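The same chain A turns up in both complexes below, where it pairs with chain B and then with chain C.
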Partner chain A sequence: MAADRPVKARPPRGGRAPRSARRAATGRALRPWLLLAPALTVLAVLLFWPLARVVLLSFQDYGLRQINTGESNYTGLDNYRDILGDSFLWKTVLPNTVFFAGACVGLTLVVGTLVALLLQRLGRVWRVICSTVIMMAWAMPAVTGTYVWIWIFDPLDGVVSGGLDGLGLIEPRETNWFTDRWSFYAIATLNVVHHGFPFVAITLYAALLTIPRELPEAAVCDGAGPWQRFWLITVPTIRPAFAVVTILSIIWDFKVFAQIYLMPGGAGANEDVLNLGVWSYIQSFSRNEYGTGSAIAVLLTLLLLAITVVYVRALSREKDEP
Partner chain B sequence: MRQSFRGRASRTALRRLATGAAVLSLGLVTACGGDDGDDGASGGPTLEVWIMEGTNPDAGPYVAELQAAFTERTGATLEVQFIQWADAHDRFTTAMAGGELPDVAEIGTTWAPEFGAAGALTDLAEQIEADGLGDDLVPGLYEAAQVDGAVYGMPWYAGIRSLMYRSDIFAEHDLQPPTTWQELREVARQLRVSEPDMIPFPVSGGSEYGLYPFVWGAGGEIAEQTGDGQWRSAINAPEAVEGIEFYTSLATEDGLSVAAAETWLETDQLESFQNGDSAMVINGNWTVNTLIADDPAWADRIGVVPVPGQDGGFSPSFVGGSLLGEFGSDEPELAWELISMMTTGEHAAAWAEQSGYFPGQQSLLEEVQQEADPLVAPFAQAMLEAGASLPVTDRYGAIQGEQVVQGMLQSILSGDRSAQEAADEAAAAMDETFGG
Partner chain C sequence: MTRRTSTAGRIGIAAAVAALLVFTLFPVYWMISSAFDPDADHRGSEVLPAGFTLDHFRQVLNEGEFTRYLANSALVGLGTVLLSGLLALFAAVAVARFRFRMRTKVLVMILVVQMVPLEALVIPLFLQMRDLELLNSLIGLTIVYLAFSLPFAVWTLRGFVAAVPSEVEEAAYLDGCGWWRMFRSVLLPLVAPGLVATSIFAFITAWNEFIFAFVFMQDDSKYTAAVGLHRFFGQYSTDWGAVMAGSTLITLPVLIFFVLVQRRLAGGLASGAIR
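Then we have the complex of A and B:
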């Protein structure tokens, strides 16, 4: 305030703005913030404060005793040092998280795009039927869906092993797909893709509707085949929608939890299949080491931020080029 | 505990917000119902108690009677809330963070050292001694509540696992229930031949309690306390490994189990027994009631024997059960009154009978054994003669949370590791937790 005074005392040369006008300008500048205030307050309470708490927790050795007494117990970077120095992170948890998310995002996008193209070509009745079925997959809660997939792949009573047994391909009494890292994640991938593709399909279908009809027609006249029409017309037009569903899929698939945790062996008994989300949960809630769990959660967040930033920058650069 | 109470109340709101929010942001919030322990309308003090849902299949009448008796005796109101075993541990943790713990609650035996070390539970040693109850408590259960001289809970009820078998199928093929480990293997082998569609003896990778009798039965220990009070794992010592080897070899060498069981939990194993797929399982006495409640014909189909010892006798089995703990109540006398009402005498006996568990009072347990019910007495005998407890330290709770033993079992059963390799890894993981 004190620093302001001399400026105020000596109005700028040619300063035609009297006090009332300046106040109006301030008011105009403030107004959007006033309107945003309720939403920002909610965000601060629901998002920023918990985020800050997790970061604070991640610098502490925080167990049940601290929860009960409310004391703090700062230990600096110890949690991060432990986690980053643990070969388990680099050999198991991180590869599981990254490759699983990569596979899920890729497959979700491919399946979602194909279904969106299908919806575009279908007649009205079939479109309604198909989109209803898709919506049902989407509406299924992750927990229920996971139990259904577990049942489908149950080695003794599941439909898949029943079918393969009928064909004489496997011996159900000697089969268990949940103990092996690859087959475990194959089932989890099916589950996540099945649950995630409807959102992609519906969003992209909506985007497809915005393509003016003349474009593909003109392309047909020019002799473009379906493959060329897809890559040269469809993809560039709906690129923004692609960007959105890709980023959202990345975020969702990196932090998959229930679909792993609920699978047989996924809650910690099978170390080979842990991902960052489940590892963080086990450290916090099964071992009562909330500090370590929070540090893992922070690392997961940073990883996601990094990927998203790189992706968004790559996209904007691409957009500037042509 | 009581001095810290004022400070606790003032911090409560902030801490509730903070931790609730922290939990939320991990995206892992489990159901945490809000409840405010208001005083009852009647004007007298109100005591809040948490009981696990499902132990007693029809707990309504018991609770009504308990509430009436408690009000009559003390003039206070008793508020009972049922919570789910599955998320009970998280409920307690979040309630601790929010300062919303009940006055008295049922806790699993393995949680006593954990919550005790956190300072959430009140030491009941004085009250137990003053009432002269100490000598009449079931040892395995009482031990589980004792940490460094403090007693963090009063034994309420307990159960034990024994070997359950299909008596109808045994009779059909003229088989006798096993009395040694070798007989267990032999009987299972014969079942594999005579009942090829059944699983003779599922070895469940997700159930640590099926393994422990074999570790203890071979003379091994899970962990031992050294002179300075530190715990060290003993799961990779020769005796323990011998037990692990025997138990897992039933699956890996003799093919008496199925691959699916590598990831089975105890509940999956019970389900396979109930569906008629399995011929023998190690399961708890409480499941007998569940089976018979579903289909009374089970009474003629099940037989029970204590888990056989290596060369006769019994293999020790884990006495699992519940304690009643006091969470720093501001009405400690009322809380103890309630605890002693529920854990001794008629209310304790009624609860045990209705739930299919055993009372935590030795004298009541002996009465049960003398009734000589063929589906109850073998369990009671196992509990009196071969009851064992897990390492009593809060660190073992963390080891269980991490599922170290299940991980060891699964890696042996799936063929990734030999028993010794897997046990060495498990021991290293345990020692890391014990040391920290």
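Then we have the complex of A and C:
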């Protein structure tokens, strides 16, 4: 952080003549914008315009006809009235989304923090082994990870049903965990936590490394017990990083799509297990009701927007730092 | 960090390490061992595979056009890496090295943009790409992934650029370098580790992405690997050996990447997230 001193505008070299000095000043003022221009253009075209467009679409009855002709068909708040008046949203989709995300975030953070603290206590060799293994969990793409978990819990030949059958705990071929809403989401949670905790663990471990070695030693000299050292040194050090990974996990876990969609029944066959993301997809691409789908997408975005405000607040302390 | 630890404490740590290793590695092990298991479909709870065969891989690569899907994924990933690295580096230099009006606004914007749920943009982007006739093209997909990886790349690289002491730059100026020369010979080599971290992140974003590839690519010769794998997934019965072989093929490059560069990656992500 010490290197992050504010950079003053450089004095123009050889700028004795006022005109060339002025031109150099304009050039300097323009240069950051020239550097930013390509990135900002991409973001404007591919993020901001679509964001505006999804809002516009959410106020329309946009179906196959509109897709083909490209004309607009505004119906005001009809889509929102339909969705918000639908008990399906309140009884199934919203609880699925919120409770699932809550469970995933909570478990991801708990596991991630414990693993970070564990890494801190390990010797060099085991630390390298553990962090390599964590990287492997992280590396597994969401799609293939989902397939592996489906295979593990496969009702016919999966390892879990095979094992429980071997122990005589379940009747083989009669237990299908993917049809029940709770067990479906339990498997999805396992999948998301397995994929998500490495980021938390690695980030928090990096934060733990910033504790100067003298600090715990000094605390020991002053007679602080392990518990006090944890609360007075470790917790304050990792708190900013913890805020960041919390909010990021919330955002990632609210909009989970592939991990649900690819599970058996998750693509719409089993309506009990839809979450906001999958519901929006099915309304638009399976039922060709792009307006309704957009309205659901807007709801999801608004939900996350509320959380984003918290994120920016958490980081605003570091905002002034370049 | 190891202090005098009691025996109980050491046992506790050993148990925690064992639990971590099992939880983390089991799915990876199960995927790879099923991919080589000749009797994968009826494996049940056999911890060791029934034998060793490459049949599943042969089947996936020959019958399923999976080689083409992997090549498509690699092309899209490389395109995303090159474009996002270039654009992000320019933008990062702008926000880390220059003071200009609205600088803070741009920074906050880049931060907030990362929070946009991209899944919510499938519908408008689908319509947009359709109008541009880029729906079935790898270029269209690359452009979309570029937009996804850019904010994170800018944010991470910003930290790396800011960490280069400005004295180093000033020394280059004193030696008579112009700005461009300084950028190329001084700044670029120094932020290379950050560039590696963001490149890997961009590649993996593109390689793993599912929903956009699933919606955009309707012609099955243009499928990416993540979408192509879906085809082995039967509605009523699934050829698990083949699905696991395909999964292994998709996972392996990412896995090797992650393990090889783990230090740098962790450092890069951490500095991006914490700074």
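Simple rule for what comes next: the second predicted complex is superposed on the first by the 265 of 322 C-alpha atoms of A that agree within 3 Å, B and C clash if a C-alpha of one lies under 4 Å from a C-alpha of the other, contacts with A are read in each partner's own complex, and residues count from 1 in each chain.
Methods note: a residue touches a chain if its C-beta (ideal position, glycine included) is under 8 Å from a C-beta of that chain, and two chains touch if they have at least 3 such contacts.
Keep in mind that what you see is a predicted model, and the values were worked out from it rather than measured.
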item	value
Which of chain B and chain C A:F285 touches, first, second, both or neither	both
Partner chain in contact with A:I67 - chain B first, chain C second, else both or neither	both
When both partners are placed on the shared chain, which of chain B and chain C touches more of chain A	C
Chain B versus chain C as contact partner of A:L304, first or second or both or neither	second
Partner chain in contact with A:D154 - chain B first, chain C second, else both or neither	both
Which of chain B and chain C A:P50 touches, first, second, both or neither	both
Contacts of A:L262 with chain B and chain C, given as first, second, both or neither	second
Chain B versus chain C as contact partner of A:S294, first or second or both or neither	both
Chain A residues contacted in one complex by chain B, in the other by chain C	45-47, 49-51, 53-54, 57, 67, 70, 154, 255, 257, 280-281, 284-285, 290, 293-294, 297
List of chain C residues in touch with chain A within their complex	1-2, 5, 13, 16-17, 20-21, 23-25, 27-28, 30-31, 34, 41-46, 86-88, 90-91, 93-100, 103-104, 106-108, 111-113, 115-125, 127-128, 131, 143-144, 146-147, 150-151, 154, 162-166, 170, 173, 179, 204, 207-208, 210-211, 215, 226, 229-230, 233, 238, 240, 243-244, 246-248, 250-251, 254-255, 257-259, 262, 265-267, 269-271, 273-275
Complex contact set, residues of chain A against chain B	45-47, 49-51, 53-54, 57, 63-65, 67-70, 154-156, 172-176, 178-180, 255, 257, 264-265, 267-271, 280-282, 284-290, 293-294, 297
Touching residues on chain B, where the partner in the complex is chain A	4, 8, 11, 15, 17-19, 21-22, 24-28, 89-90, 93, 96-97, 114-115, 117-120, 205-206, 258-260, 262-265, 277, 394, 397-398, 401-403, 406-407, 409-410, 413-414, 433
Interfacial residue positions of chain A with respect to chain C in the complex	1, 3-10, 13, 28-29, 31-33, 35-36, 38-40, 42-43, 45-47, 49-51, 53-54, 57, 67, 70, 114-115, 118, 120-123, 126, 130-145, 147-149, 151-152, 154, 157-163, 165-166, 194, 199, 202-203, 205-207, 240-241, 244-245, 248, 251, 254-255, 257-258, 261-262, 277, 280-281, 284-285, 290, 293-294, 297-298, 300-301, 304-305, 307-308, 311-312, 315, 318-322
